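Labels run A, B, C, D and E following the written order; every chain starts at residue 1.
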Amino acid sequence: AETLGPVTDEIGVVKITKGDPILIGGYSSQSGGDTNQGIDELRGAELAILDNEGTVLGFEVQLLGEDAQCTAEGGQTAATKIAGNPQVVAVIGPTCSSGARAGAPILWNAGMPSVAFGATAPALTAADRPDGFKGFLRVVPNDLLGADFTATYAFENLGVKTAATIHDGSPYTEQLVRAFEKDFTELGGTIVSSEAVSPTDTDLRPVLTRISTKKPELIFTPVFTSTVGFLLRQKTEITDLAGTQVIGGEGVFSANVIEAAGPNVVGLRIVGPSTDLFSDRFPVFVEAFKSEFGEAPVGGFSAYGYDSMLLTLKAIETAGKTDDEGNLYIGRKALYDAMMATKDLPALTGTLACDEFGDCSAATYAIWEFVSDDASTFAPGENPKRVYP
Amino acid sequence: MPETSLPPPSSAAAPLLEVRGLSKRFGGVAAIRDVDLTVAPGSVHAVIGPNGAGKTSVFNCISSFVQPTSGTIRLDGERIDGLPAHVVARHGVARTYQNVRLFPGMTGLENVLVGAHRTLSVPGWQAVFATPRFRREEAAAREKAMAILEFAGVAHHAGTLARHLAYGDQRRLEIARAVVAGPKLLLLDEPAAGMNPAEGAGLVELIRRIRAELGITVVLIEHHMRVVMAIADRITVIDRGAVLAEGTPAEIQADDSVIAAYLGTRRDTPAEAAAEDASDAGAGAKTGMKAVRA
Amino acid sequence: MSFNVVTSSFRVVRREREAGAEALRIGLIAGVAAVLFCLIGAYVALDKRDVVEGVASFAAVALAAIALVAGYTSAATANRQGRTPRRAVLLAGGAGLAVGACLALMVLATTNLGIRTILVAASPALVRALTFGTTAGSSGQIFLLLAAGFGLGAIGGALATLVPERLRRAIIRGVFVVIFAGLFRDVFFSIASNLPGGVDRMIYGSAGIRLWPAILLFAAVVAWTILRAAAGKPSAARTGGRSKLSIVLLVATVLVLPLITSDFVAQVAMLVALYMLMGMGLNIELGLAGLVDLGFVAFFAVGAYTVALLCSNGPLAIADVSFWVALPVAIVLAAVSGLVFGLPVLRVRGDYLAMATLGLGEIVRVLVLSDALAPVLGGSQGIIEIDRPVLAGISLNTPAELYYLALILAGAVAFISWRLQHARIGRAWLAIREDEDVAQALGIDPVASKLVAYSVGAAFAGAAGAVFAVLVGSVFPHSFQLLVSINVLAILVIGGLGSLPGVLVGAMVLIGLPELLREFGEFRYLFYGVALVAMMHIRPEGLWPAESTKREMADA
Amino acid sequence: MRTLDVRDLTVAYGAISAVRSASFTAAAGKITAVVGANGAGKTTVLNAISGLRDVRAGRIDMDGQDIGALPPHERVRAGIAQVPEGRRLFGRMTVAENLEIGAFVRQDRAKVRQDIERILVLFPRLKERYRQLAGTLSGGEQQMVAMGRAMMADPSVLLLDEPTMGLAPQIVDLVLEAVQAINAQGVTVLLVEQNAYRALEIADQAFVLETGEVTLSGSGEELLSHPRVRSAYLGHDA
Amino acid sequence: MTAAAISAAVRNRTADWWRRSIWVDHLMLAIRVVVAVLVLWGLAGGIAAGTYSAANFASFAMFGLTIGSVYALIALGYTMVYGILRMINFAHGDVMMVGSFAGLFAASSLSGAGLTNDAPLIALPLVLAAGMAVGAAVSVAIERVAYRPFLHVRSLAPLICAIGLSFVLQYGARGLFGTRNRAYPGFGWMEGTVQVAGLTIPIPQIVAFGAALVVLAGLLAIVRLTPLGKAMRAVSEDRDAAALVGIDVSRTIVFTFAIGGAMAGVAGVLYALVFKQITVFMGFFLGIKGFAAAILGGIGNLGGAMLGGLVLGLAEALGPALLLEGYGLPAPYQLKDVIGYGMLVLILIFRPQGLLGERLAAKRA
């Protein structure tokens, strides 16, 4: 245990001299294939800081964003770099589960909890996770939940009995698709075709043709904006798929998918977080995002970026102690505990509450359906419309 | 340098190189047609003929640079036609090229060491551990290479990149590279091109020594009749892809068809040159000579 | 991109314009560069990071540098054309003014024209950042931009003409050292934190070097440079940076750096060492044998996956052996895969080979990723829970420990390549590279020699992959992108093709730098690209060229 | 008619100077021969004149105009053509195309056709090979094309670097006669030729280059009979 | 000839082959056999599985030709530049991306004026012109920065510079234009489809295919018929010799880059016309495919680039259906690059100079 100023803490204490900023690390994919996602997330986080007037407890907040790409070694290197700065109190990120797998333990070894905004792999918060992941929290929902919800919706509400899936070779989409397949089959449905593409593919018609020979009633594909765009545009060329519905993932919960898919976006359903709060605050968030960064978020993950930062700032508010000279002391364990104790925190994606394994997401799902191909109408609740529940 | 002096070439001995019915077509062009060529061991054999007659093509076939359309080639009685070029080389055929082809980015010494490649045998792993055997072999190879460079008169360029050599030096280096591995048969394609008469004479000397001291049989293509007449034991004349004549230098010089097709009425033959020398004698001290830097 | 690059023996020289026109040209080019710098969003992003704490951000330094360099170059041209120093400085100011004008135009366009629909970074934040405390878009701001441009240009010009040569060198070096110290804050900070008494916090703030230490550092460097020059010692730069001292320093740095700095630096050093390993492998293929290989990453993948399958605790493990057993297996398997790949493609030459190997590399990546092979290789989920190597009962866990492992391997590999290079096989490789037909006519079996090059190169890459797997503790197909092959190629060329120390230097620069610049996230590859171009312009033959290259370049 | 005046020409390859302060004049409408051993720097001199080599010092004047700063292609437009060492043909173009491209800077189409005819008459062998790729020609045939290509530029100064290399004896005569004929039309010729007899015979003036320096100069006849030339370059033991 | 004579001749042949062949030849033979067996097995299996109808295969072929014409257009630009410099321009794909964005901005303003929808025959050429102009300008800038300074240097520096510029263009464009996917506006009736032999073919695909042919013809005309073309061929073979016949080498190279860049611009716009959405990162991968197509056809050969593009496109579209179906692999389309590149490698093994490339004529001895 370490004692500094008024604070004693098991793991350690960070002292922030008056006038210095509070440093929060961030790691996300800012280069390589998942660039959009990573940039969106960190930008979302920046907005959370701005919404807090740039400060917490009267101290300026500074986000040190590092590039973790979407690879294990990228996450490892970025995490090592952040961990090397003892002034960092907490970390948000990363985008990808592979990066989290390598990075989170490194951060936690340095006493830094991390709040992921993109890494959704179930293993990261599984009951039997290794000790290094104790400091890992996430505001993005665990894939297990989303898959189960979607399968149930498809089978029971839409009443489809046959489905095809497409993933794009990323660990995330593949895992999600597999979970969906399992749940859907367990419910009594049949997976007639389970396909994969690559995120750089532009011509999906051959795959769609293959799927069309199996005549599924539904295609479930949690892939990202470009691929969904191509898929929807080219699906119209495959006559046998005319009646097949498409359900996408929250990776395309954005205005951009409307632009990418053009007129064919109408009727696209996606599974995403559900909350009534969402519809109020989200458009405001998108507007702020646009005016700050010149473009709307590309995908659906920017809101998680916002929420990860929000959760962190709230916890700092709880755990931070000042001394007479106005210096700030943050106990690392105290901060971690404060984070894990998050309950009923109204956030962009819903009401956050952390369970004992670090899953903090609102984790209530909904199915949204796009109803207009005008990108400027993007507003959760209107376009896309919430169709279930 | 091994000091083997060979018995004079005898036509009775089994031929070293025996080319029978060699033909090569490039699309519509018949570059060589039914060429026979027999080279006795230890001899210097010249191949002459007009431009485009097919001389270089014959060399190309022998060294497997191109595959003949038909015909057989035997070295020491063994068929070598159609074998991959490196296998032919391992049988003991080395050559130079009409448009000099050195390894331009390597030094003179390195070029020659590559030439010695097939005589070295220590495996690569020994090089890693620099075993005594490796070191011995390497040192010997270097020594040999230096000796050959000296022999060819380009020792002072051992450290120069081949690309940076003057044309004549490139030719000599190419010869050095070809002989260092001690081939049975050396094919020289216009070795005297780009050399002045004095340098040509030096080349003649070099080729004589190659035969005498290294015991290598030489076949050469050449347009400089002085060089040819000075060293060839036998000459084959090729015209339009076919053998026009074959014989000793004297026979060839007297052959009317050869004169008509190739030699013309020229003055570069030794007889003419001798006459020239005579007329020049005493003309050396003409007036008006300006010695800029004597 | 066949190795035997076509060249001309003559140079294409640009005819220099009259000094005034040249100044305008330089000013406009610099202005466009400055505007682009702002409009790609780099200004706002770099404005958050200080070089000198609270005084100058990176963004400001970069913009100022653009104006300064424009002034400097214009003045140098004027100088060469025999203009008076006064005129030269004036022209330099003009060039700077042009830079300022370009920025002013951009500010006006941003505030009045709504160019943001196309150019997303033309934001109010950008204009705000460029204000120096004036109102955004006001005439005051415009005037300030122009004045600052002129002033900086003139200062650059003065530096080029009025300041004596020695002092100029000293000043330039001083500025560079300060920027360097600010840029690599993390490295130096971690070194400083080994010192007692909180020296680290005294020198560095949270984002950059503090003002007084910066001034002291600058003064010290200037004084040192001048004194050294006065003592008549040639600077390291002029002797090519390869004096005995610099080699000793380099070696010492390589050996102790990870110990005295942070885990992060060790981690970066570790990656550098890995890329060195790969670089030396590719050096055998490309640098010596002239085989362009854009699928090199495949061998890296083979090494990594072998170790993963042999040392993992996960469900896909086929054995659970120690790293020391798996390493040689990985190396051998990589070499064998080199053979297998090499066999069919080696009759293919030059660019065709480049494409064929690129194709093979992609094939391997796609296969590893594929659902079809997922039951064996894990597909996109990769293979996880790979054990760290255990040496004498101690598990090598920290980046520093693994770094030494990689370094020892790299050393061994360097030694092997060096020995091979100077043996029969090495010469055969060079000969094939230079002229395959002739090499063959000298008795070299080209296919066999190339195969040896291929499999030795592959073995080295396999070793790198093996270490990579235990370093990260998991392997995913996404780590084996084409980009890795391209990176290794760039390392070779930037370091100096065919040169072993070149591989070291190239890896340090091309892997080390971008890793250290990780915080610039989205701009990292942009800077990386600029650095590639800049380095090739400064040293086309590479940073530490091979002897033979130096010989060739001597006459160019 | 053009005079080529070279003053204090120094050309260096890195640290080594291949040509050192060489001065000579190729008089207008005359044949000037350059004689020298392998490596003396003959090719280097020609390349410096045609612009293929950067010079370290010295002037190259054509009719009093300094052409030393012009890029090579502009020197061609100024009237200089070269038969380069090693022929340097465009191997993947046909003989016809090689000859045509020799006239790249010329506009007079009709005259160009005539010149091609002339060359084909001079080298009948090329007529047979007219549509063959130059890269597949025999060495001697290539040399003929190289000569023809340079002639196609209709130059006023012709630089010949061993134009008879690899040619059969009768063709050598032909080529040298052609050189004389071209010269007779007022073309200034600078001839590097290892066949020193023949070169000096047809040359009006000549000079000797030894390790990069001009050591002797005079008329062709004078050099032909100079003892040093005879022993070092003509192979006489005089 | 009698049967006996024939069999004797065959025996002779075989004996001679045995005499001359070395281990490499044996190995190549083995590879050929293995490949043939694998392909036949796959084909047989695929046909037996009967997943697809003939109409399906016809559609696959059409898909292949469409993406193939995009590859071909990119490959044409690659080949132009390669032809003259013997060096790959790694940034070519990104020039295409930039050209595509230029076209997008032009199209957006035209569509604001209603032109794209009402008069596509006017609008499309204008959009193409914008793409070509910007592509050419960027390409010339690349030449200036990455190639010109190294014309006389024996080094791979230009290659590395081009790689560097590829990053600069990608991430620079990302900074300038943002990361999001951009949709191209529609071009009126050009968005429709036509019925050909029972197939429904979208018009843009026909436009792209036709444009590729037109571009090929134009380039061939330039190279074969103009003095510039002659100069380009000369420069590509020997810069010194080209200069010696009076060709301005660097100007010729600049023109080549300009043309190549314009081709990239065309490719970028037509790509967008067919696939409707573009991003700043699309250039790199399409560029690689274009490079592959150029190599496949025989680099430096314009017709080869075209053929290579189409063959690659067809292989990707048809390959998984034809070859992999028979093996019953999961998600065969994930492996389409394995087919594409695999075919490329195989073709190169058996034709090391590409489909239409000249055998790099062994230099004359």
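Note that in this section a contact is a pair of C-beta atoms (placed from the backbone, for glycine too) under 8 Å apart; a residue touches a chain by one contact, two chains touch by 3 or more.
All values reported here derive from a predicted model rather than from experimental measurement.
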For subunit A and subunit C, chains touching each: E
Subunit E and subunit C - chains in contact with each: A, B, D
Dominant interface by contact count, named by its two chains: C-E
Centre distance in Å when subunit D and subunit E are each reduced to the mean of their C-alpha atoms: 44
Inter-centroid spacing, subunit C versus subunit B (mean Cα positions, whole Å): 50
Geometric centre distance via CA averages, subunit D-subunit A, whole Å: 75
Inter-centroid spacing, subunit E versus subunit A (mean Cα positions, whole Å): 38
Per-residue multi-chain contacts in subunit B, two or more chains: 56, 63, 65, 84, 95, 97-99, 101, 164, 189
Sites on subunit A at which at least two other chains make contact: 31, 35, 39, 169, 194, 196, 198, 294-295
Contacts with two or more other chains, residues of subunit E listed in rising order: 171, 174, 178, 238, 240, 243, 249, 330-331, 334, 337, 362-364
Chains touching one another, given as label pairs in label order: A-C, A-E, B-C, B-D, B-E, C-D, C-E, D-E
For the subunit B and subunit D complex, residues of the former touching the latter: 26, 29, 49-57, 98-100, 164-169, 189-190, 193-201, 223, 225, 262-264, 266, 268, 276-277, 280, 283-286, 288-294
Residues of subunit C touching subunit B in the complex: 415-416, 419-420, 422-428, 430-431, 433-435, 437-446, 452, 548, 551-552, 555
Subunit C residues within the subunit A interface of the complex: 48, 116, 119-125, 186, 190, 205-207, 262-265, 267-268, 271, 366, 369-371, 379-382, 384, 399, 468, 471-479, 481, 483, 515, 518-522, 524-525
In the complex with subunit C, residue positions of subunit E that touch it: 24, 27-28, 31, 82, 85-88, 105, 145-146, 148-161, 163-168, 170-172, 174-178, 238-240, 243, 249-250, 288, 291-292, 295-296, 299, 329-331, 334-335, 337-338, 340-342, 344-345, 348-349, 352-354, 360, 362-363
Sites on subunit C touched by subunit E in the complex: 1-3, 5-12, 36, 39-42, 118-121, 343-345, 347-352, 354-356, 358-360, 362-363, 366-367, 369-372, 437, 447, 482, 486, 489-490, 493-494, 497, 522-523, 525-526, 528-533, 536-537, 540-542, 549, 552-553, 556
